[in-house]
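In what follows, structures are represented as structure tokens.
Presented sequentially are two complexes of subunit A, the first with subunit B as partner and the second with subunit C.
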Partner chain A sequence: MKQGNRERFLVSPFFVFFTIHGAQLGVGVLSFQRRLNEIVGHDGWISIIIAGLAVHVLIWMVYKIFQASGEGKDIVRVNIECFGKWIGNLLNAGLLVYFLSFALVVLRTYIEIIQVWVFPLMGTWQFSLIFLLLTYYTVSGGFRIVVGLCVWGFIVPLLTIFPMLFFSLEYAHYRNFLPVFDHSIVDILKGAKGVTFEYLGFEMILMYYSFVKNAPQSQRWAQWGTAFTTLLYLIVIFISTVFYNEEQIKHVIWPTLTLAKIPEIPFIERVEYIIISTYVFVIFPIICLAVWAVTGGLKQMTSLKQRKSLPIILAILFAASLFFNKREEIALLDQIVSTTGFYVLIIYIPSLYVFVSVKKRFQSKASMQ
Partner chain B sequence: MSIFSLLFKSNKPKQETKTLQQLLDMLKQSSDFANVQIQTGNYHVSIFYFDSLVDPKLLQQQVLCHLQQELPKYTSFSIENLQQIIPIQRIEVTQDVATIETKLLKGFAMIRFADIPDCCALVNLASENLGLRQNNESENEFSVVGPKVGFVENIGTNLHLLRRQIVTPNLIFRELTLGTVSRTKIVIAYIEGVVNEQTLETVLQRVSEIEFDIVFDASLLDQLLADNSSSPFPPFVSTERVDKAIYALVEGQVAIFADGSPYVITGPSTLFDFFTSPEDYYLPWILGSFFRMIRMFGVMFSVLASPIYVAVLTYHYEMIPKDLLGPIIFSRSNVPFPPILEVLFLEITIELLREAGARLPTKVAQTLGIVGGIVIGQASVEAALTSNILLIIVALGALASFTTPIYKMSNTIRFIRFPIILFAGFWGGLGIAFAICLLLIHLGKLQSFGNPYLVPLYPFRAKDFADSLIRSPYQMTVKRPSYLRPRLLWRYNPKKAKQKKDIDE
Partner chain C sequence: MKRALYFILVVTFMLAGCKSSRIVDQVQIIHAMGYDWKKGKYVGTAIYPTFRQGPMTKPDILTTESSTTYDLIPRLSSKSALPIEEGQLRLVLFGKSFAKKGITEIVHSLARNNKVGMRLQLAVAKGDAERLLRITAETTLSDTLYLSNLIEQNIREMNLPNTNLHIFLYNYFGKGRDPFLPYLEKKGNFVKLEGLALFKDGNYVGRIDLRQSFLVKLLLDETKNGVYQIPISKNKKKGRVLLENLFATSQYSLRRGREPIIDIHLRIRASIRDYPTWLDLPNKKEFQLVRKQMEKHLNKDITALISLFQKKGVDPLGIGDFVRSHTRHWDEKSFYKGYRHLQIRPHVNVDIIQTGIGE
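What follows is the complex of A and B.
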């Protein structure tokens, strides 16, 4: 592919804000209060800030990795260059499987919410099928279209869902926050680990980094994206801490959705139906981004065209989504993916960073001599 | 396309080179092909023309009269000197049979002297306005304030209207001929130094690549030029208003005229272009913006109202508040259909009314509107086929869809709600969200002459919002929209004479 030709497929650095933020904000935000509450009680907000800061550092590392390894490369090439053909491709395959399972978790969890809250009798396959058909339509339009969807996935929920949360402040008990620092540092760090899943998704930049114009400059936007995610989570945790008390929240599976039951508008009751419907705009970019990342990675690894691998990937996703039916199974899947994600973030990215920077130092020394 | 071109390649008519005599023999088969022979002085002159295309007055007063009076005065006369005696502009002398053929078919007369039979003079005698309407009031895009002049079927008049307001040598017309049968004159207009060269190149290339037989209307071109032909959304604005076309040109767009069509295509267009009315610019900006926003709301309402009704009443009846539940139950208690059938029934009724109204003569259509709207509506409620509330919603939705100034777009809006209603019928609110998602992705994929359709929303251009959702005051729209990549960004030099108030000192 010629460089001049490729220019058309690139997106402005500014849009990294939407892809980073859009991929992070997913199904997790509907339910993370309960998990967090089990570990750190009402001090959850500290854990969120710590996790957010860690993600900022990780994003910085990702950018350093790419800067050190040269322009226009994506993670597939970097892995192969660093670890050799075999281990590198093994890592690549692992990453792709991880992204695919990330898409699967998001898809299946959202369908579960639909089934519990709106359509108890509708089969998983219906929603899975329509979701994946739409994914096909989007991803076949290329990366720019996926990014466009991320932009909509930012604007639409921000205008419709976000304001609904504030209605519940009417019943706020601000003393729920006290005493601050009621838990040990270890607990707070465990809590930070517990919200990994809420921050997962930004690592897909490993795949689309080479599709960003002036990619090094986009770091600012990537950091802002994460900062915005942290801010949103803080607002959500703030509202749910002052609204629920610690005992109450243990019995609510999706505290954010329950919060949405509170607002009353003269002509609409039960706003949570609107929120669950509009949540399509939040979920959909993540799935599209993940599927795009997987097909893009496959193209780099096996030179299989994206248009050809896309239906295969979607078929796998569709089949896989039918396997998980019970709450426990979905929760287990959730658990596995977030643990994997945690290790990808905490072990893979830093060690790759160290490896690449050490290698570069040696190379530059060698070239100096 | 490729398969077809392979199949038909062999059948393509070969360009035969005819001699002049063969051409004349062929044309003589037609009864309106006239041949006048005159003998004046030493000269034997024959004039050929199509009776049906030529203005007889011009022929008699400017050609025959002068030939008969002036010609005998010359002792030796060459055909090149015809311009000296015939007071008609641009007389062309040629031997090229193909040119002669086209010009004859366009209403030119061919003058030939007996001593040099191969060399012919072509005189333009076409009666431009024969059979065309003179009245050029813009009928379909009406505005209360502002000029009412619209384009007509005659391309000469249209270009004249354009030149009258864009008084600059930079306004360029490029002429092309299109259509194997109609040989329609197509003019691409743009302002040199403003329009983006790449865009212009795309337009010229696309237009010249079109293969078609008869160009009835510019809206045919609209479809043939489209980047993605399988989309319900119109790729380019087509307008019959002169002011709108001029504004588009000044902003850096390209306008395409086709002879015989009162509509002009302007592009590259964006989604917002279809919801702007010239009147927005004639009213103060606050009012202009307000009405534009009303129009946008109208579009959203028109697309979403009946699907939401379907979704809420089929699946999410919990969403209806207690106070509203009473009236809805009361009006729906006798309706035997599920909401989706009820909605489809009424929507299709409205579509029938609209279609019938559009096909009938104006006077009958008014009666039909009243009969259809009031009688059918009232009767179907009384017969318990639909509920009162739905009748209101559907009627409002129809009303709202007519606020869109561009007819093609308003049709699109009327169309896209049907799939959304079906989505809502299958998956409730979720279905609506799916459908909107699909719509947004589709719009994101669309392009107009290679320019993204959704700009300035995506790709996001903060500066270009000045004239999109709202119509900002003129101080803020001094610059041309940057997504058109104009070569000159400033429209004019704004005076920076801002009045200072005492509070600023």
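What follows is the complex of A and C.
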């Protein structure tokens, strides 16, 4: 009976493609060329491939962690089982705070873009309120609704925003790629570290893994999701490398949006405004997924019901989004969160993987004896 | 739960009313902006259409002066009944004295401005920008978009190389290339395109004529139009043929060595539009003769043009950028030290495809 009940809340393994890809592709793609350009210039595409490969390995580790620690567990239980109640819960709390600030960064950065590009006179609270009310509506519908949103967050931008980038090939200078490998390997690896930030978000699978039907089989889709993200990043970096030169891109804050200034349609003269509005479909699933992950984690940790914790979490997000107002503050917040995320990826996941697999080996040896 | 949903619905709709709106007939949409430097002061001129009856528009002009470039638009506002909106700006025209003084500030401001489009045209006027704008506003032309349409038409159909704000910024910021802009001149009651203005680091340093700007167009990238007059002679008879470019491609190659040599292979597929009557073009021999003479002349003209660029120390063709793409750890400074004496050799190949429908 209980099993059947639970089945209602699960999603097919196939949907992991959308949740992984949707969470990775966020506001970063609007400006990562600029950061990458500062480190590796026109060789950025190599860094993207390296970072993509690293993320594939990390996803493989995540699946190994869950396979080793048994069916139907999420990260909250795994942490407690591995590190004991105190340290485990501390790690859990850390993860939840990280997910919350991840949602905050995405929300605040997007609002900043709207403020800079479209409505300079508008206050943060108005957007923030609309967004978070919608988030409340979505997340209170449950995980399946959030995943459904991720699917639309994949389809709509792919059909509307993505094709707009190709118009700028009119001004392509393919020579900009040459000479290949003009930067040292150290620089390229540094660039790869920088790009890893753009892959952040997939680690929320730690939270929703137990909500996937036949979860171990979904790894294929998770890997495809990451591969698709890498492909998109490669296309974006390709277009911006041939469109801008290295010096010019330093003067552009959101190179991808400025790319979208090129297409002109007779009835829509300036496409970038349409793109900024449509970008809600990219932003919104991430916020919902992160907020869902936080409330889900709280439920596991403290048995606080999601319906009760959700308004509190959203209120915290709302208050926090008002707190960051200047460009530097937002940039600093972004930097702190992405650095934290980077270490979550590069230290926490691998060490948990090592811990879990060593523990399993000992346990199986013990049970053999 | 249901009550909460209603609440969300109502609040969402009400908050949507908080947006700031700009209604089209309650703003002054400026179409062209001119900048001048006159007697120690900056002069800004804006032309905009005012809507009279129905679809009829009448261009109007606003002008103001200031000691800095930054507050020209705010100052224009103080002379205008409606708020000034720059989103539809199609042309920014610099007076020559302003361009000589440097257009860096304006360019940076345009690069930051999210309202203007990337297809905005920039141009340089001989004399005052204000006078040119007045011509388009006050004479029979009476069209606020006249100048920008003129430039765009010439890019599409004639000798002007492709330019707009994006291309200017690309050349301006990029290492190993210098920007250029269309150069306009007042001729009676009309405005005439007179070639290209050359810039070095945002300062006007000279100009080339419309004939030469066709060569620049050929050398920059694949092009599909433009005309060029070439003198031709046979048995002491002298005349001219008019070459019309159908499709031209240029290919650069670098020969490394102690003294690097750059070869430019230019292939022009052209039709001959007009030629003297004494020329018997269907005759294969004469055809070859014309071809050879054309190639020779084009080679000579291109060499002269490039050495002019080298003498002035400007690089609108992006030679430096080309060398960068073939050199590891390219250094801009040391390259331009030797730029003046760099050997650049054009090799023109003309294919005459058509001579029209009659013989």
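Basically, the second predicted complex is superposed on the first by the 368 of 369 C-alpha atoms of A that agree within 3 Å, B and C clash if a C-alpha of one lies under 4 Å from a C-alpha of the other, contacts with A are read in each partner's own complex, and residues count from 1 in each chain.
Everything below uses one rule, namely that contacts are C-beta pairs under 8 Å (C-beta built on N, C-alpha and C of every residue); 3 or more make two chains touch, one makes a residue touch a chain.
Bear in mind the structure is a predicted one, so any value in this text is a computation, not a measurement.
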item: Which of subunit B and subunit C A:L189 touches, first, second, both or neither; value: neither
item: First, second, both or neither for A:I130, with subunit B first and subunit C second; value: both
item: Which of subunit B and subunit C A:T258 touches, first, second, both or neither; value: second
item: First, second, both or neither for A:L158, with subunit B first and subunit C second; value: neither
item: First (subunit B), second (subunit C), both or neither touched by A:A320; value: neither
item: Which superposed partner A:G141 touches (first subunit B, second subunit C, both, neither); value: first
item: Which superposed partner A:I274 touches (first subunit B, second subunit C, both, neither); value: first
item: First (subunit B), second (subunit C), both or neither touched by A:I346; value: neither
item: Touched partner set for A:A227, first subunit B, second subunit C, both or neither; value: neither
item: Set intersection of subunit A contacts, subunit C complex versus subunit B complex; value: 119, 126, 130, 134, 137, 264, 269-270
item: Footprint of subunit A on subunit C - complex, ascending; value: 1, 4-5, 8, 11-12, 15-16, 18-20, 87, 108, 111, 114, 117-119, 166-167, 169-170, 173-175, 321-322, 325-329
item: Subunit B to subunit A touching residues, read off their complex; value: 315-316, 318-322, 324, 427-430, 432-434, 437-438, 440-442, 444-445, 454, 457-460
item: Interfacial residue positions of subunit A with respect to subunit C in the complex; value: 116-117, 119-122, 126, 129-130, 133-134, 136-137, 140, 171, 173, 175-179, 182, 244-248, 250-252, 258, 261-262, 264, 269-270
item: Residues of subunit A touching subunit B in the complex; value: 12, 14-15, 114, 118-119, 126-127, 130, 134, 137-138, 141, 144-145, 148-149, 151-152, 264, 266-270, 273-274, 276-281, 284
